[in-house]
Amino acid sequence: MCRWIAYRGETIPLEQYVTAPAHSLVVQSLQALESTASTNGDGFGMGWYGEHPEPGLYREVRPAWSDENLRYLCRHIRSHLYFAHVRASTGTPITRPNCHPFACGHWMFMHNGSVGNWSRLRRQVEALIPDELYGSRVGTTDSEAVFLAVLGAGGDRDPVGATLRTLARLTDMVNRDGIKEPLRFTAALANGRDLYAFRYAANDKANSLYYRESGQNLLIVSEPLDAERAHWKPVPPGHMVIALAGQTVKLEPLVLAQRAAAE
Amino acid sequence: MCRWIAYRGETIPLEQYVTAPAHSLVVQSLQALESTASTNGDGFGMGWYGEHPEPGLYREVRPAWSDENLRYLCRHIRSHLYFAHVRASTGTPITRPNCHPFACGHWMFMHNGSVGNWSRLRRQVEALIPDELYGSRVGTTDSEAVFLAVLGAGGDRDPVGATLRTLARLTDMVNRDGIKEPLRFTAALANGRDLYAFRYAANDKANSLYYRESGQNLLIVSEPLDAERAHWKPVPPGHMVIALAGQTVKLEPLVLAQRAAAE
Amino acid sequence: MCRWIAYRGETIPLEQYVTAPAHSLVVQSLQALESTASTNGDGFGMGWYGEHPEPGLYREVRPAWSDENLRYLCRHIRSHLYFAHVRASTGTPITRPNCHPFACGHWMFMHNGSVGNWSRLRRQVEALIPDELYGSRVGTTDSEAVFLAVLGAGGDRDPVGATLRTLARLTDMVNRDGIKEPLRFTAALANGRDLYAFRYAANDKANSLYYRESGQNLLIVSEPLDAERAHWKPVPPGHMVIALAGQTVKLEPLVLAQRAAAE
Amino acid sequence: MCRWIAYRGETIPLEQYVTAPAHSLVVQSLQALESTASTNGDGFGMGWYGEHPEPGLYREVRPAWSDENLRYLCRHIRSHLYFAHVRASTGTPITRPNCHPFACGHWMFMHNGSVGNWSRLRRQVEALIPDELYGSRVGTTDSEAVFLAVLGAGGDRDPVGATLRTLARLTDMVNRDGIKEPLRFTAALANGRDLYAFRYAANDKANSLYYRESGQNLLIVSEPLDAERAHWKPVPPGHMVIALAGQTVKLEPLVLAQRAAAE
């Protein structure tokens, strides 16, 4: 289990939510409250959009709580849309390419969860990545494979549809042969303008997700950053948050397409 | 606060106490029980004696719990006298030279504790290091400075006396001008044959220390490695364990020399 | 291009060939002479056999020349069969799982070379790895994939035959569709008792390989470790060195099986 | 010997000089031309001024040439005054706090050179740092000590005078007792508005330094970033470049004050 935050709104320094709050993401790296793993010290990462169409990334294998570069960068980098993630590995190695967020073209993705028994399902999930995107697979996590599978399923034109189609396939995989392995997918996806977040699980409890709106600013988090619980709305299991540029934030049920019909 | 173990006895693989026990040192790096810092993820280190007169060291800035090199080395390196340490920094940077244990010639040292307000006392403590040892100061911790001060106070010929003389000076420093800063010193010192451990504090509670004897084997630890509490004897505050080669292990009170008389 | 050494013989400290010689492997990491990449600073690794049936590994992303752990370990670890490797990446990320040597069960492998246009051929090569070994793929290099393909082709029972069968398939891949991509394979393989080294290329010049025998001791290297050139015998392109336990070292031509016939 | 660049002018992405040019600083990390150390792979760092009065820092122990974070940050961070530095250690450990640039308050400093026999002179140079700045000494390099000595000598009010006074003292130290140790000081200093660069040596050849002006933009470098040699003016030994905000860039001789008179 990992912890993450996603922000979209006015351009602000990253520190405003990554390091400054009482229960900031960096504090959560050392002591998360709503996670089975209370320590999220297996690397971390940040991704942000600025003047370049592709996001910037800073990923590191050390824990977030002791990284002095992180503090400088959070103070100096400003963005209107950014992700930050602290990792508790579910088994894959602690390497920079295995840290979230992942970027491909102008898309960025991060994930809290896991895909069944990864060593059993890995080849099937990797097979969902089309050849032209396979070169973008620089790590070995389930999360990166799912991201590239979503892009391969048409994520650039239809991010929500492609995510639902991919989740439907993953759900088939974890249910196949009556094995019923757990699938947990609490994830965020963005392209520099639009932000999407998903809370879904099959055969398991969905990992927590909350959001807070304040004017045009939207913050989506694994767990609240402060004690003012009233400000934070839980995203129910099986729901998604859709924040399109210039539109009202929508909370919608996440309905998996009937696979047979969809394909 | 850090956690550490020191072993002297039959030659065994390091894994026997570093990674294998239920509450091994590596488990403690993620979840210590008797420490104010439950996470000890600010680097770690091991030091061991083998066929070479000087100890070997392996120190790394990543947490012990996720370091695959550590597991291989613990399985393959065998020693009759070794130290292992997981660090929770009290403020100095997370660098390899700041990780314990420290080595100088055939001496090795590690520490759990702190020396008052380090930024205020640092210069005074560093002044205890003689010029000929100052080149061995490769890090910036209080712990390394105290180690070199002990060696400078005659540690090679008289390790217990030099440690007590240094503790007396440090106690003077933390008490000077009526400021009463805390000094905590739970430490181990070895030369390849003899092993010494100290539990001392001034103006504060002494950090925990236990030991277990089994035949010729001696294990000294910050906290027990298993639930069999009866096997572990606490070292009382203000005491030290002295394990000289070929002699019975002694538990003795740690009596600071009267400074005026001693110098 | 990387540089490596492999040793089999009397039990000696690793330092004897890794750090001590005038043109040691660590010196080569900063200044190789027979390599297109004069700097081999993209991580390094060592693997060795001791009392445990599986080899130990120490792999690190920093350059070998400045790693103080490496110097301690080379002085303290002794082995009768060990590998050491300094890496110049051909494009895959600088992570520990991408550093050589690789281990799987009691087998160990390291490689200097590359497999055609890796982003184009990667899926085909990964498809050679059987499902039961795919979980052992923890990195993303061509080298690790080839190692697991060799084991999948029966490497445990027939290491030379499995290597030749795999090289035949790789040669087919780089020649397919008339594209003629370069394949360079200068590699070492061991199981704790036997040591094998291969020098092969298709569509390119084979990377250099030398060996030196002295009594029962055998050293195989990318380039000589000292100026006494007469002691070092070049392995000709398309040849292999076979050093079975208790037998004379053999230098043999490396004849690829006719694929059609072999399968 | 290290390599560095300093820029002051229009706000630009760091990549324009750190990674983009034919002989960029990152290329120099792998292959410097005018340095005794052709490889500068012992860590690197960048520092830049933005909207915050204190500079941002990114420092890392890995070589610059393979750091993917560096490429992202150089593309996304924009600044009107920034430093970048690739390190070839002269003996002190490869740690982040030992990487340049160093920051203290709104001042930033980086250095190429060395201060005599550092293990002999270290205590004397550290003694130049006043107590109130000694807490800012987080590493162990000669360079950081000299920077803090300059600030301690009044660098905030009178940066040029304080640097000259400190160089005079260092020159005395390397000449004392007729030992004549080499002192090399090719360094840059900035406060967010003004940029200073110095080329000085005692008992040795001064490390190279060049600058290029183009409109209001000033670039100062260890060695030219491209083959257009005519654009790059060498800074003669014993000279300094002074670029005060809103003023013409001045090249002036660096005249050490008579110590006796100055104090």
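Points to keep in mind about this one:
Letters A, B, C and D name the chains as they come in the text, with residue numbers starting at 1 for each one.
Rule of thumb we're sticking to: contacts are C-beta pairs under 8 Å (C-beta built on N, C-alpha and C of every residue); 3 or more make two chains touch, one makes a residue touch a chain.
Model, not experiment: these values are computed from the prediction.
By the document's definition of touch, common neighbours of chain A and chain B comprise C, D.
Any chain bridging chain A and chain D, meaning touching each of them, is among B, C; the list is complete.
Among the pairs C-D and B-D, the greater number of C-beta contacts is found at B-D.
One finds 38 Å separating the Cα centroids of chain B and chain D.
Looking at chain B, residues 68, 93, 96 sit in touch with two or more other chains.
Chain contacts in this assembly form a complete graph, since each chain touches every other chain. Put simply, chain B touches chain A in their complex at residues 30-31, 39, 41-42, 61-63, 65-66, 68, 89, 93-94. On the side of chain C, the complex with chain A involves touching residues 92-93, 95-97, 119, 122-123, 131, 134-135, 137-140.
Partner chain C is touched in their complex by these residues of chain B: 48, 50-52, 56-60, 68-69, 72-73, 75-78, 96.
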